Every structure is written in C-alpha cells, then in structure tokens.
Amino acid sequence: MISLFFSALIYASLALCVLLSYRVAKVVNLSFGSIFTLGGYLSVFSLFITPIFGAWIGLLLHIGSKRMDTSKATIFSLGIAIAIEEALRILFRVENILLDSRIFYFFGYKLVFEHFLASMISATFLILFLAFELKKPFSRLKLKVIEEDIENAELYGIDAEKARAIVLVISSAFFCIIGGLYLSGRVISPTIGWLYMIFSLFIATIANVFREKAYILILPISFGICWLI
Amino acid sequence: MLEVVEVSKMFGRNVVLKNVTFSLKNGILGIYGANGSGKTTLLKIISGFEKPNCGRVFFNGREITNKAPQEIVKLGVAMAFQIPRVFWNLTVHENVLLAARETDYTAEICKELNLEDVLFKKAKEISQGKVKLLQLAMCFALKPKLALLDEPFASLDAENVEVVLGFLKKRGNEISMIITAHRTKILKTIASQMLEIRGGKIVGSS
Amino acid sequence: MIGKLKAGLIVGLIVFLLFCATPPQTPTPQPQMPEIKIGVLVPKTGEFSSAGLVMENAAKLAEKHAKEMGYNVKVIIYDCGDKPETTKTAFLSLVREGVTAIVGTYSSPQAMTAADTANESKVVFVASVASANLESKVKTGNKYIFRNAYNTSYWGILAVEFLEKTKAKSYYLIGYEPLKTFNLGMFSLIKNSTKAEFRGESWVKSPTVSPEDYKRVAQEVAKKDVEVIIVGDPGLGSVDFVREYRLAGGNATIYSVGGTLALPDILAKLNISGIAFQAAALEVKAKTNLTKKYFEDYRKYYGTEANNYAGILTYDAILIVTQAAAKGGDLISNLERGTFIGAAGVYEFDENHQAKWGSEKLQGTIGIYGEGRIQVVS
Amino acid sequence: MLVNIAIRILVLVLLILPAFLDCYTKLLAASALTLAIFTVSWLYLEKDSGWASLGHSIPFGVSAYLFAINPLLIFFSPLTTFLLFPLSIFGKHTFPFASFVFSVFLWYLAHHIVFEGKGGEEGFRAPSINLDLIYLISVTILVLSCLLIWKISNSYFGLKVKAVRDDEIAAKAIGINPLPFKVLGFAISCSLASIAGILHAAIFGHVSPSVFSPYFSLFPFVAATIGQGKIWSSILGSYTVVFLSWFLSPYVPEFHYAIYAVALILASYTQSYARSGRSV
C-alpha cells in the first residue's frame, strides 16, 4: 500500500509535468520518455548531472519548437525523443546495465532508497506547485491566460515565451532526475522510459478532462489509476 | 412571420435578456443598443445557436425555440455573425457555393457584393472587410425568408458600407431582415421599424 | 674400353639411384573445402536490441571457432528488427546473398514468419532462440525448419526437474502476460508432471500498460507460504520482480526461466541469494570441449560475461549448420541424421526437427545463485 | 510543376517496374504499396477532415487481425471507424496523442487475442496469397483509392467535409449538420486503412501484435511529411521510408531510426499541411 502511494506520488508529478507542458507550453511532450531513460543512463556516472542535461534538452525543445502549434511541436518532441533513444542505443551498446540501489527502512517497510527519494522530491514538487496555484492568484491568472490563448496573453504584456521556456526546462529537468532515481535497481534499456511517459500521459489525459480542477485532482487520479491498473 | 415571446437568457448569474417580446411581419427590423445590451444574444437565440432559459420563438407559426441551427436554417432563417464565421481554408467561391448550392447564383451574389476580384483566394488570405462581405454573401446565398444580420456595417470602410447598403435595400423587398447595430444613423436609412434594446430589455420602438 | 663402359654404367647407375632417391618435388594439392555461407538474423534494433548484441557477438565467435576447426565458413549477420515484417525482408535479402542456411531470430512471431519464408524460398532455417510452436509447421510438411533451442515443453521439464532435485513441497507460478502463450504451455506441463503442491498463479501485466504491476504481484506473492516461485519472464521485468519480492519479505527460492536472471554479472550485481535459473550451459559445468572455449573467448573478446541462452544457442546453431554442410550432399538429410557438437552439448534432431533436449548428451543446466557465487543444481 | 510531373512519372515507374523483378524486391515494393495506401488513407483524414491521427494503426491492425482469424470477417473491417471516431471528442489538438495512446493500448491488448489455442504474442498465420497476384491487387487498389479520394475531395460532398473541418458553427449556419460528415470522413479513411491492413497481412502471411506498434501508427505521418502532404509525393514518401527502414536496415541498423527522427523534426517545420489556419 505504502509503495503504491509513493509511486502514485511520482506518477502524479510526472503527469503534472506532461499536463503543464501541454497547457502552458502547448506541446504534448513525447520526448519525456527518452529524457527519463537518459536520466537512468546518466545516473551511472553521477546523479547530479541529470537535472542539468534534462534542463538543457528542455531548452533545446523550447528553442526548437518556438511558435509552433500543438501538433507540430508534439511531432518535434517525438523527433527529439527518437533521436535521444538512438543516441543512447549507439553510445551504450552494452548487453544489460543494472543500476545500483540502496535499501532503506521506512517505519519497518523495506524500500529502495532512490525510489523513496524520488517520491519525496515529487511530493515537494507537487506541494510547491499547488502552493503556487492557490497562494499566488495573479501568477495563476497569468498561467490561465496563457493556457487560454498565447496571443492574448502577449497582448496583455505577459511574457508567454518565458513561461513556456520555464515550464519546458523545469519539467524536463524533473523527468531526468526522477528517471535517474526511479530507474535505479533496475536493468535499463534505451526504450524503458516510454513506459513511464505513456503511463503519465494516460493520467494527464484523464486529468485534463477536469478543466480547471485538473491540477488539484491529479494526485487522487494518479492514485486511483495506480490502484486500479 | 417571426414572433419572439417572453424570451429570457442568463449567462451564469447575469441576465442578458429579460422577457423580450416582439414580432415582425415583414420588411427590415433594426435593433440598436449599446455593446453588451443583448443584441447578439437575441439573434443567436432566434437562429438556434443559443437556447433561451425561458420563452418561445415562432417562425411562420411554427415553434423553433429548441431546434438545432441547421434545421432552423432549412426553415429559411439565415444568420450572419458579427465576428465572421467562414471556412478559412476554402476559396471565397467555394464558401458561397456551399451555401448557394448552384454556380451561377453564387457568381451573381459575389458580383453584387463585389467579391469577384478575390473569388478564388482562400478566405484566410483576404482582408477583414472582404471577409465581412463574404459572410453576408453566404447568408443571402441561402435564399432565406428571414436574414439575421449582426452588425453588418462594423469594420467596413465607407465604400463597402455603400455596397452593403445598396445590396440590403435591393434585397429588402423580397427578404425580411433583422439588423443590429450600435450606431442608429445607417440603420435608420434602411429599417422600416426600429427597436431599442438596453440591458436586455426592449425599451422603445419606432 | 670396358673400364670406360663400366665407369659409364656405374655413373649411370649412380645417377639412376640418385634420381630414384630424390623425393618428388611437386606435392599433391589438398582438396580446397567450398565456402559455407551462413546467414544470421539478429535483432540489432528495436525492443530486443540488447539480446541482439549478444547474438551478434556469439555469431562472430562461432565463425572464428569454426575457422579454427578448419571449416571454411562465412557468417553474414543481418538485422531482423523486432517485427515479423522486417524479419521476412531480412530473411529474403539473406537468401539473395546465396546463403546455405539461416539461423537466429529472437521473438516467436519472427520465428514463425521466418519458418514460412524458409519454406517459400527453400532455404534451411534453424531457430536458435524462439520457443514458438514450430513443430506443427514441420508436421504439416515444412521440412526446412529446425530448432536447436528448447521447445515450450522442455522449459516445463527443466522446471519440474528443479522441483524434484530440490524436493520442493510447493510451488507458485508467476506468468508474464506479453508471453502468455509461452508461459501457459510451460505451466500446464509443470502442473501435470510434478508431485509438488500447486499454490496458485499470478500474472504480471505488460509494463506498457502498468509499469508498476510487478510490485503488486510481488507483494501479494510475498504473503504466500510457498517454497519455490517459478517466474516465466526472461526479460528485464524479472529483476524488478525479484528485488521487490525480497523487499516485501518473501523468502521462497525463485526459479527463473533464465534470460536476464541467468546472467552471471547481473546476479552478482543484484546479489540476492536463492535465485535459481536455467541455462543452455554454464561455464562451471562443461558439456563439451567447446563450452569452456565459448565462455572464455567471449569474455576475452567482448569484455562481458557470455550470455548462456540466446548467445550460446546462436553460436551452436552456426556450428551445427557448419558441420552438417561440410559433409556435403543434402543439408536437410544431414541435419536429420547427423550428430553435431556445440557448446551446450551434442545435438541430434528428432522427426519434428527439434533438437533432442533432455537426452543424456544434450541437457539444460540449472544453476542457483547464493553466497555470492553460482552453484550447479543439475 | 515540372517537379510534380517528375514525381508522378517516378511513382508510375515504381508501381510497374518491380512486377518484373525478383521476389525480394517485389515483396519490398508490395509492402511499400500497402503502406502507401495506408498513408493515402491517413492523408485524407488529415487534409480533408482535419484530424491528424497518430493511432491509424488501429483500423490497419484490427482488420489485419480480422483477416488472419477468418477471411470472412474482413467485411466487418469498415466498423473500425467506430474505434477511432469516438476519440474525436478530445478535440483536434488532443486527438493525435489520444489516438496514439489508444493504439499503444491495443498493442498491449493484441497479446491477449487467442483464438482456438493460437495467437497471443505469437500472432496468427494469415492466409498468404501469391505475391504476383497480391502485387497486382495492391497496385489496382492504390490507383483506385487515389482516384476515389481525388473524386471525393473535389465533389460537393467533399466540399462539405472540408467545410466541417474548417468551422463547425459556420457549417451549421449554412444548414450543414457536422456529425454525419465527420463520421463519413473517418469512415472513408478507416476503410482504406483497413484494406491496407488486410493486404499487409496477406503479403507477410503472418499477423502479430506489432501491427499496432508505434512504427505503424507513425508510418503514414512520417511518409506524408516526407511527401509534404501531397498525395503523389506521399506515395513516394512511403516508398522512401520502406526502402530506408527495411532495405537498408540489414546493412546500417541504427540508420533508419535516425531517419525517423530527422523526418519528424523536419516535419514540424514544414508548412504544407491543411488544418484550419485561423480559428475564431
């Protein structure tokens, strides 16, 4: 049950990233999967470089897909995704990589330390975002306006470009670091990230149905889905 | 021909139309009033794009209150939006043809509303004014018995206003119309009766 | 005069003797063996690319060793991707290269398609990994398919053997949904032929829909009181399952069908005791003189531990075809009649063109990892 | 203009030439053909109805399965429309990835399709037809479907479909009921995709869950992109992709995925797509 809750936390935050980049950055970021995998491979060297690479790819995405409509930007991200995957396949042409993991005791439960860390980071991410959602009405309004229509937002002097960049960079960095943590203790392959991306995409798609309440409901939804499937 | 009985409409809490009642035998009815006074909503309710909270609308004795827009159009009520709704990726000719269903009538209307020069341009490639004319052309290409024109003169230059006026006067004889505007000056020149609408209520008629 | 004649005679005699004494200067040339071209289908790209790499290495190694044995072999390696479609096209392009026979392919659908294509293009195909139901094809007159890999029932037989050897009282089955057909075949055989008590079975959903499902199963199984858990997933997921199962406090012995959980370096890194697994052969238990050679050279040339199923069987398949083809004449009848030495044992094919796994010369090995090293169970 | 003519001639050559070549080339050409039909069907949905589907492997794969299980079932294949159409409730922007996710889901489900003890991950043996015959059929169907689509999209009916694509409210305003035209747009496209799927199954004589894999769901998109969204050049596009990914892959394994990546990235920069430009 507890591990279920922890993974629900992780997927909720991943789904939140997907949702944000869909609503604010206007892109269904299919490259998250590969970024996740990349995180896993990078963690072989050091965990601390994962967010840097993630952010860098996020920036690349932003610059590459500036001023594109959703579908085109989505396609662009898919291209990036396959490119990263291929790069990994060519660079790490090894049979199997099993990432290290440490055991951690949590109220008598045995857990993988990295996974625990990942869920804690996700929890913080979620809380911070919700705080931003509820506490800062003006920034929230800004966000809403951008979600409604980028051009309008710019008419009202909101720097949508900046918001877009921030969202893409943060979400990619987040995916990358969670990948680094959550894949530890697993045998990884260049395609492994797709699973997590598609699953969080699934959660995001359902959450997206509840227009404004999506951000608040994303955790319960992810918990429900993790519990059902 | 058209009877609007006790029609009210609310968006959330704020009331847009309050017990609007009027009828139109034939000819041109001009509705004027400030922005947000409920003109557009009224036309949308008649043409079926909005459903009233209460009240009924009759056209030639048949109730059309909760009919789908496309059915109402088939009965002979056509609507021209203030913000044009046209098919942006189709040519002007195709746009009008879709409504008119016959080539020569299409050509005739385009000629009258001097759209001939942009006939084979895509709607998204022509100027705002021309799009406005196109919207009118599509509305009249349907050969309606009653045409609902929402701000037909807005965002038109003087020359095009003349074109439209001429066109409406000519058609006014066989087609009844409801025309809304926030400026009465032009309206008075063509309308046979006038209604003033303020805050969702009909406050005066002449 | 006579003296001259004598001298001449003597000289002539000496010359004659000398001539006779000198060995023939032109040695008779040895007959040059015709080149044997063998095509290998390897999933270099797509889902199975990690297995593909192993098979590719093994194939190159086989070529090398065959040459050392004096066979004139040429191995042509083509990528068959992860789809039956790509397999068929790759197969036909190998046929165009004029190969004697084609070995390899990874997944069952690939093997099935390759089998049909073999029949259409009249080229022998030796399935070296997949356990798809190929016998039925042979029965219905497709003489071109052979398989040196296990068939589904042998997977079951090995599992049963393990249960018998360890005198386990009870067992539990963990199926992997994407490999349902394969698992079901294996499970039914286990259920029918072991004395141990069946304590139920669970299925792990495909990670494509539910990446966390192995956790659910692991935790629910950990509660069960059972001695042996048989895991039907040879893939990466099995590692996750084992880790999660132990974390959840399960302490039963885990018997894996091999694959990822049979790789020495993975086991060492994972360092979880009580993981049993089957392998076509293990370094610690040499079957033939080739076994050690395979494992040592693999380590020498590729720097990693040799794969002991997909890799070794591809290696053997190539050697089998080489030996059969070298005899000359009809390849199919050679394969049907002959016996062939490989790293995993001595191969013979039955009437369904299936390698006789379970015969005393050709047996799978069961290893178990504990106290940081691999011991052989049987 | 000259380029267009060149492309058309090239396509015709590609259609006719392989019929006289060896079995391997013919197989490649035949698969390229079926995938070209697939691409054309996708292109119709994308251009005329304005729905860019990234899950077009759904009608493709389902009909292939139907054909493999029992050839008589192919008459149900047009019903695959109703697998894809309901996803249109997500709206044009969300539809691509909704359909993509759904196709992945079917990919998973396909592992569970077991019929008379056969199927599962091994898939089904489809009745394979003589290659020459199937090649002939494919060529005919490709030509016919191009004609059909050309005829439809220049007809008054086609005009209405485009109208609904551009603006449903405007369509209502001139008395067009959007729903039937939306459905028919999907139906035409899905039926063509189904035919492609059936031919594909017949060519390879085997259907496995991989017909739902992202490779096939993305194929028409990539092909159409290479072809700049024009029918003739998209046919050429699908030939190109098949050539790159199936003919070259034995020699340069990593190459064809790289091609995919490049094609997709370029795709996002090409402008030549239909899709309602100004939304009001």
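The chains carry the letters A, B, C and D, assigned in the order they are written, with residues numbered from 1 in each.
Please note the rule applied: a residue touches a chain if its C-beta (ideal position, glycine included) is under 8 Å from a C-beta of that chain, and two chains touch if they have at least 3 such contacts.
Worth saying up front: this structure is predicted, and the values here are computed from it rather than measured.
Trainee: Can you list every chain in contact with both chain A and chain B?
Mentor: Expected: D.
Trainee: Just knock out chain D conceptually, keep positions unchanged, and give the connected chain sets.
Mentor: Apart from chain D, the chains cluster as A, C | B.
Trainee: By C-alpha centroids, what is the most central chain here?
Mentor: Smallest centre-to-centre distance to the global C-alpha mean: chain D.
Trainee: From the centre of chain D, which other chain's Cα mean sits the farthest off?
Mentor: So the farthest one, by centre of C-alpha atoms, is B.
Trainee: C-D versus A-C: which has more C-beta pairs touching?
Mentor: Result of the comparison of A-C and C-D: C-D.
Trainee: On a C-alpha centroid basis, what's the spacing between chain C and chain D, in Å?
Mentor: Distance between chain centres, rounded to whole Å: 39 Å.
Trainee: Centroid from C-alpha atoms only, then distance chain B to chain D, rounded to Å. What do you get?
Mentor: About 43 Å separates the centre of chain B from that of chain D.
Trainee: Mind checking the centre-to-centre distance between chain A and chain D? Centres are C-alpha means, answer in whole Å.
Mentor: 31
Trainee: Spell out, as numbers or ranges, the residues of chain A touching 2 or more other chains.
Mentor: Correct list: 89, 198.
Trainee: Can you list the residues of chain D that touch 2 or more other chains?
Mentor: Residues 104, 254, 257, 275.
Trainee: Mind pulling the chain B residues that touch 2 or more other chains?
Mentor: As it turns out, chain B has no residue touching two or more other chains.
Trainee: Considering only which chains touch which, label the overall pattern as line, ring, star, complete or other.
Mentor: The chain contacts form none of line, ring, star or complete graph.
Trainee: Provide the full list of chain pairs in touch.
Mentor: Every pair of chains meeting the touch criterion: A-C, A-D, B-D, C-D.
Trainee: Report the residues of chain D in contact with chain C in the complex, numbered from low to high.
Mentor: Listed in rising order, the residues of chain D that touch chain C are 22-24, 27-28, 31, 104-105, 107-108, 111-112, 114, 119-123, 125, 128, 200, 204-206, 208-210, 213, 215, 245-247, 249-250, 253-254, 256-257.
Trainee: Which of the residues in chain A end up touching chain D in this complex?
Mentor: For this pair, the touching residues of chain A are 28, 30, 64-65, 68-76, 78-80, 82-83, 85-86, 89-90, 198, 201-202, 205, 208.
Trainee: Of all residues in chain A, which touch chain C in the complex?
Mentor: Residues of chain A touching chain C: 3-4, 7, 89, 93-96, 98, 100-101, 103, 110-112, 185-192, 195-196, 198-199, 226, 229.
Trainee: Looking at the complex, which residues from chain B come into contact with chain D?
Mentor: Touching chain D: residues 47, 49, 68-70, 73-74, 78-79, 81, 83-90, 94, 97-99, 101, 124, 138-139, 141-142 of chain B.
Trainee: Could you please specify the touching residues of chain C with respect to chain D in the complex?
Mentor: 44-45, 78-79, 81-86, 88-90, 92-96, 107-109, 112-113, 116, 121, 132-133, 177-182, 206, 208-209
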